[in-house]
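First chain written, first letter: the chains are A, B, C and D, and each begins at residue 1.
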Amino acid sequence: MIVKDAVCPFCGCLCDDIEVEVDGDRVVAVTNACELGTKKFMGEKRLKNPILRDGDAWKDITYDEAARYAAGMLLSAERPLLYGWSGTHGEAQCVGVHMAELVRGVIDNTSSVCHGPSILAIQEVGHPGCTLGVVKNRADLVIYWGSNPIDAHPRHLSRYTRYAEGFFLDNAFRDRKVIVVDVRKTETANIADEFVQIKPGGDYAVLSALRAIVRGKTETIPRTVAGVTREQLVRVANLCKGAKFGAVYFGLGLTMTRGKYKNIRNAIELVSELSRHTKFTISAMRGHYNVYGSNEVNTWMTGYPFGIDFSRGIAFYNPGETTAVDILARKECDAALIVGSDPAAHFPRKCLEHLAEIPVVQLDPYPNATTAFCNVQIPVAVTGIDAVGTAYRMDGVPIRTRQVLSSGYPSDREVLLKMYTLMQEGKGQ
Amino acid sequence: MTELLVKNACVIDPLRSINAETMDIAIRDGRIVEEVSGAAEVIDVHGMLTMPGGVDSHTHICGTKVNFGRYMSPEDMRAGRTPRRGPLHATSGYSVPTTYGNSYRYSVMGYTTLLEGAMAPLEARHTHEEFIYTPLQDTMANTLFDGNWGIMEAIRDGDTKRVAAIIAWTLRAVKGFGVKLTNPGGTEAWQWGKNVSCIRDPVPYFEVTPAEIIRKVIEANELLHLPHSVHLHANNLGTPGNYTCTLGSMGLVPDLNKKRQTLYATHVQFHAYGGSGWPDFCSKSEPIANFVNMRPQIVMDMGQVMFGRTTTMTADGPMEFNLYRLHHEKWSNHDVELETGSGIIPVIYRRKNLVNSIMWAIGLELALLTESPWQCLLTTDNPNGAPFVRYPEIIALLMSKKYRDAEFATVHPDTAARVPLPAIERELDWYEIAVMTRAGQAKALGIQEIGKGHLGPGAYADVAVYPIRIDEVDPSVDHQKVIEAFGQTEYTIKRGRVVARRGECLIDGSNATFWVKPKVSEAYDMGKDPDFIEKFDRYYTVRMRNYPVQEEYLNRNRCIETEAEI
Amino acid sequence: MTYLMITGRTVNQGVTVENKTSAEYAAETSTCFMHEFDMMELGLDDGECIRVTGPCGEVVMRVSASEEVETGTVFVPYGPYANHIVAAGTHSTGMPDFKSHEVEIEPTDEEPKTVHGLMEDLGGLAYDR
Amino acid sequence: MKVTLAMKPTARSFIPIEAESIVPKNFLAGTDLVVWRGNRELRLDEVFTVTVEGHADRSENVEVVLSGDDTFRLKRVGEYMEAGKITVLGNIGMHCGNFMTGGEIEVRGNADGWLGREMGGGTIICRGDAADYCASGYRGGRKGMTGGTVEVFGRAGDFVAEHIAGGTVIIHGSAGDMPGAEMHGGTLTVHGDCSRPAANMKGGSCYVFGTAQGMLPTFRKIGTVQHEGRTLIRFVGDVANRGKGNLFVRDYVYLD
């Protein structure tokens, strides 16, 4: 059987033109997807059933036993952390928020170590953005800043920018200029019309300098800024002002470096300044396929996109205090539920040392690094492969993923609902 | 079977011409019935003012743009926070509250039906997801067609039936209710950083004018026999002197429908400005209201501004950018491929500001100068003019000259020379308020026939009982009592269940979504049109098969089928 | 010698990320990409082992020559090896300095640990079935 | 009246305790107050040994003294404080003196993040170091500190006085990255070194008596001035942002 127009649950591009050939309960071929997506569809070695750590050994348990363990753990905790959420569908994320409200815990998603700083910046200055198709059809200038789509979002270039057809571009490949700004000469830099190489930690200064130049204050700028000559900065500023439609895509090269959200704020303010001259937009290159969905769900249900602390009943938000890395490193939680992410692979070691000390339950289809710190792991279906559900693309477009095969695994939502029901009973509701 | 009897209600039900009659309301299984058995639960309301549940025919509560307003405003979320209590979820926010916050607060004010004013088709799934978490109201979504490429091309080709066919396909795909035009043509121009100045400016590349878009989409809307008329946010919102553009747009509208208006002009306060710039900015509510008084084919809503902090959000991207350049506050914009766009900025309307004072006056003037309350409905374009929790104050202002004068004394002193408000003596009565807050809204939306906005047998049992006796309170004097009464119902009954009582919501609820499926002939099924399919595949970034919103996204699915003429 | 360590996504990290117990994932995420001049200075050949010491510990990786990194800078794919030495401080923003860590690098005869080994060092228990 | 709150030693738990009830005013009505450890409500005397000496009928006459080894776990002490005095003998947790409008808080040890966030008046003295976001604003907020004084005798972390719109902040040691970011009013003085001061400033004054590392390229150099016996270089900016703030530094280094 061939499933057409399947939705790839890997990165924030959420490509929805994938063809998946299925033989029984196995994917045998994937067409249109990039290497990352293909591997995800072809994934193997799932965890077969829920497991419980019993001293220095693992034992198999039932889904009911696992759900009871999780519910009990969350109900008895004084400050449980409910973390992850970017690797699951929106319907499951909604249950997660209700759980956090009920047990008065902290709910955070992977954006705190991804584009959380971008959100902090947007909260200061807003966000002039657009959907990907607007860029595809119009942009004659695309800037990748601190992002390397060839490795992280391989089809971004072919579907939306460098190699994409555009309604308003006669010859898109020739008429569309690409600028890459990075500290490394990445593979993406090799396909750029202009590469701006910045000294590490210098993004903020370069962005400030560009803003000043766009405002006609070139004389204030020193001869070089973070390794970039003033001449090149002026050239880039002129390319931007001369474009009919410019689009900036930024990545973790801005969010993870010195200054964090201030870098993004500066980039957004550059785009707002350019909007006085021509059309310009800016967007984040989001990693997990549904990290934006967890921001959206959290926002409509709690008012905040990530890092929400319900300890006091009402929602409190303060990234840096209510975000997972900070809480774990400061040992400020006493239980953790992990869904749709693998913090043990992606968090600094100090966080892992605390995970080793507290009870942890994880929902994940595969054994992963976090498994080692779990008291219970519950295998679930993979959204977009053996479960359906809603995901939000990096530009905010919601797409319903398709189920391409049946595996018999329950979805995240089903498992979470089972836990939530037990928790409501535990709370006498 | 569940039965409820609301006894001794002082009922105002304008769609049935009932004005303050004391009667009992019988409810069975969520519907109004003639009578119930002796086993029915009885609520005696002792002569309190009782109306059909409130209907808001233009509010922004769910979807991409609203959620972005929340997302970018953690400072707004610090207000209005409540913890989870019993069946109720936590809430946050003042001007852009969480979905639960919106739903609970509307319910406490007696509202049971809401129309989300602007849904981008490509992002419709998001609106529907949020509807599910707006549990205490039934919902429907106006669908944006202002910058739709296919429609502009069909208009350029003079093919009105194709315009209708694209609307039909899209409404059905995205589970939309009505046709919304926001700054028609302007949102497409904005994707080049440009705008259209008024209805005769051609849209770049597509070479059609806003006037053509408005007229052809109106014709298409009527070909499809949609319950609601075209819902227009006119060009040129918020600029001095824009009233001529508004009159020009209204002048395009023929009278095509016997049951309802042919055009719903929204938040007209923002479109009734005189002057050649900010220095001579003034009210032009009189020419607008006079024009509407002579044209039954037009219904408008106020778009009232109230002083204080709020968040503006609209599909009108270029207008928001102009606001940003005025305020230099934070600014968000979100253009949607082949369809439309949106913009968001926070604002504070201040009494000390002359322009803001004039805006405040204009909304009230429109309501007071429009002779028929059926033609000017009460809204703030929530949250653009003010959050909807300010409605009770607006009702009191409309009912009391004394209250208006007292408020007027606190606004910018130069306002008097720029607006007619101080000379207007009219005070609206309870019946007129009932029209403007439910009956007129239901009629304008075309949902009275499916049982909304009235209390006749067969209607949805959505009832608002306000803790006030209208034979004892003189609204022109006791405006404070009016504000209190409309701020908190004694009972809000939704689908036959008491969902809110004296300011407290009681149950979690479950909403229904109304949407429209026009039935068109095979020849006009765009799902099978090769040109439509080819353009979709080439220029959208979502596959056509993945575009339609599945019925799984409708909590309670209420499809309204229409027989189209194509 | 002191280097600036940047971590980030690579295609190989991405294709193995759903199979963290695999040798391929361990191999990719324990690779330290380095400029060949820096390798010459340390006397390193492609594939040799290095001890990388960061603000909160040390970890053994394998070096790989790369033209993408500048001298003085090394690049390590996201994963448990780099994170073994990344500090947890976030400047109160929620986000650690994943892309701006000073590290010391020296040749070593030790082999990189397995992912399981790293996790068990921190108090975890590997699941290996 | 002197209220002494001696924090009881606790098990090895680091769950923060939110104690916004600890403000002088609340003790006028007694010590029957609650604090929260995570999601658990606790009586004040479950966490502290409470001693009251003397009597007061106005907040001005109340001094609260906090002691113990674990006071670094207390958050929000002195929130919305209007008058009186709080003395913390050791370290204090996050958000001490949030929204404070009057009175005095003295921290003898170190203060964790967000010390004096959105402060409107009064005085905070920190004898040790202050962590990140000292005297700053809130996420998404337009305005940070609007009045009062924060004086830190040790070092300050990153983003000190972010969004400051009024009031005075003095750091006797060095400050971290981006002190005075987005400042639009008020005065920030850093006696030691810092990096990237006054980023994107619109107004106000920022003094750095040490070296400004990574000096931003978008400040216009005006010349030298004498200030409190020091020769400082005066800049105006941030020109990226139509800013008209004043930045004075002893010396500076660009990232060139």
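Some points to look at:
We take it that contacts are C-beta pairs under 8 Å (C-beta built on N, C-alpha and C of every residue); 3 or more make two chains touch, one makes a residue touch a chain.
Remember, it's a predicted structure, so these values are computed and weren't measured experimentally.
A count of contacting C-beta pairs for B-D and for A-B identifies A-B as the more extensively joined pair. Chain A has the Cα centre that lies closest to the mean of all protein Cα atoms in view.
Note on chain placement: the centre of subunit B and the centre of subunit D lie 46 Å apart, centres being C-alpha means. Here the CA centre of subunit A is 34 Å from the CA centre of subunit B.
Taking each chain's centre as the average of its CA atoms, subunit B and subunit C sit 56 Å apart.
If you average the CA atoms of subunit A and of subunit D, the two centres end up 33 Å from each other. Contact with two or more other chains is made by residues 120, 123-124, 201, 258, 310, 312, 317, 319-321 of subunit A. Residue positions 91-92 of subunit C are each in touch with at least two other chains.
Contacts with at least two other chains are made by residues 72-74, 329 of subunit B. Touching pairs of chains, sorted by label, consist of A-B, A-C, A-D, B-D, C-D. Chain contact summary for the complex, subunit B toward subunit A: residues 62, 64, 67-68, 70-74, 77, 81-84, 86-87, 89-90, 92-93, 97-101, 122-123, 125-126, 129-130, 133, 191-193, 205, 321, 324-325, 329-338, 341, 344-345, 538-543, 545-546, 550, 552.
On the side of subunit A, the complex with subunit D involves touching residues 77-79, 103-105, 120, 123-124, 199, 201-202, 204-205, 207-209, 211-212, 215, 217, 220-227, 258-259, 262, 265-266, 269, 310-312, 317-321, 330-334.
By the touch criterion given at the top, residues 4, 6-11, 14-21, 29, 56-57, 67-70, 73, 75, 78-80, 83-100, 115-116, 119-120, 122-127, 129 of subunit C touch subunit A in their complex. Contact residues on subunit D toward subunit A in their complex (touch as defined above): 13-16, 18, 36-40, 94, 113-114, 132-133, 138-140, 177-178, 181-182, 196, 199-200, 214, 216-220, 237-242, 254-256. Every residue of subunit A that touches subunit C in the complex is listed here, in rising order: 10-11, 35-36, 38-40, 43-45, 51, 53, 56, 58, 112-113, 116-117, 120, 148, 150-152, 154, 183-187, 200-201, 252-253, 255-258, 260-261, 287, 306-307, 319-321, 323-326, 328-329, 342, 344-353, 355-357, 366-369, 371-374, 377.
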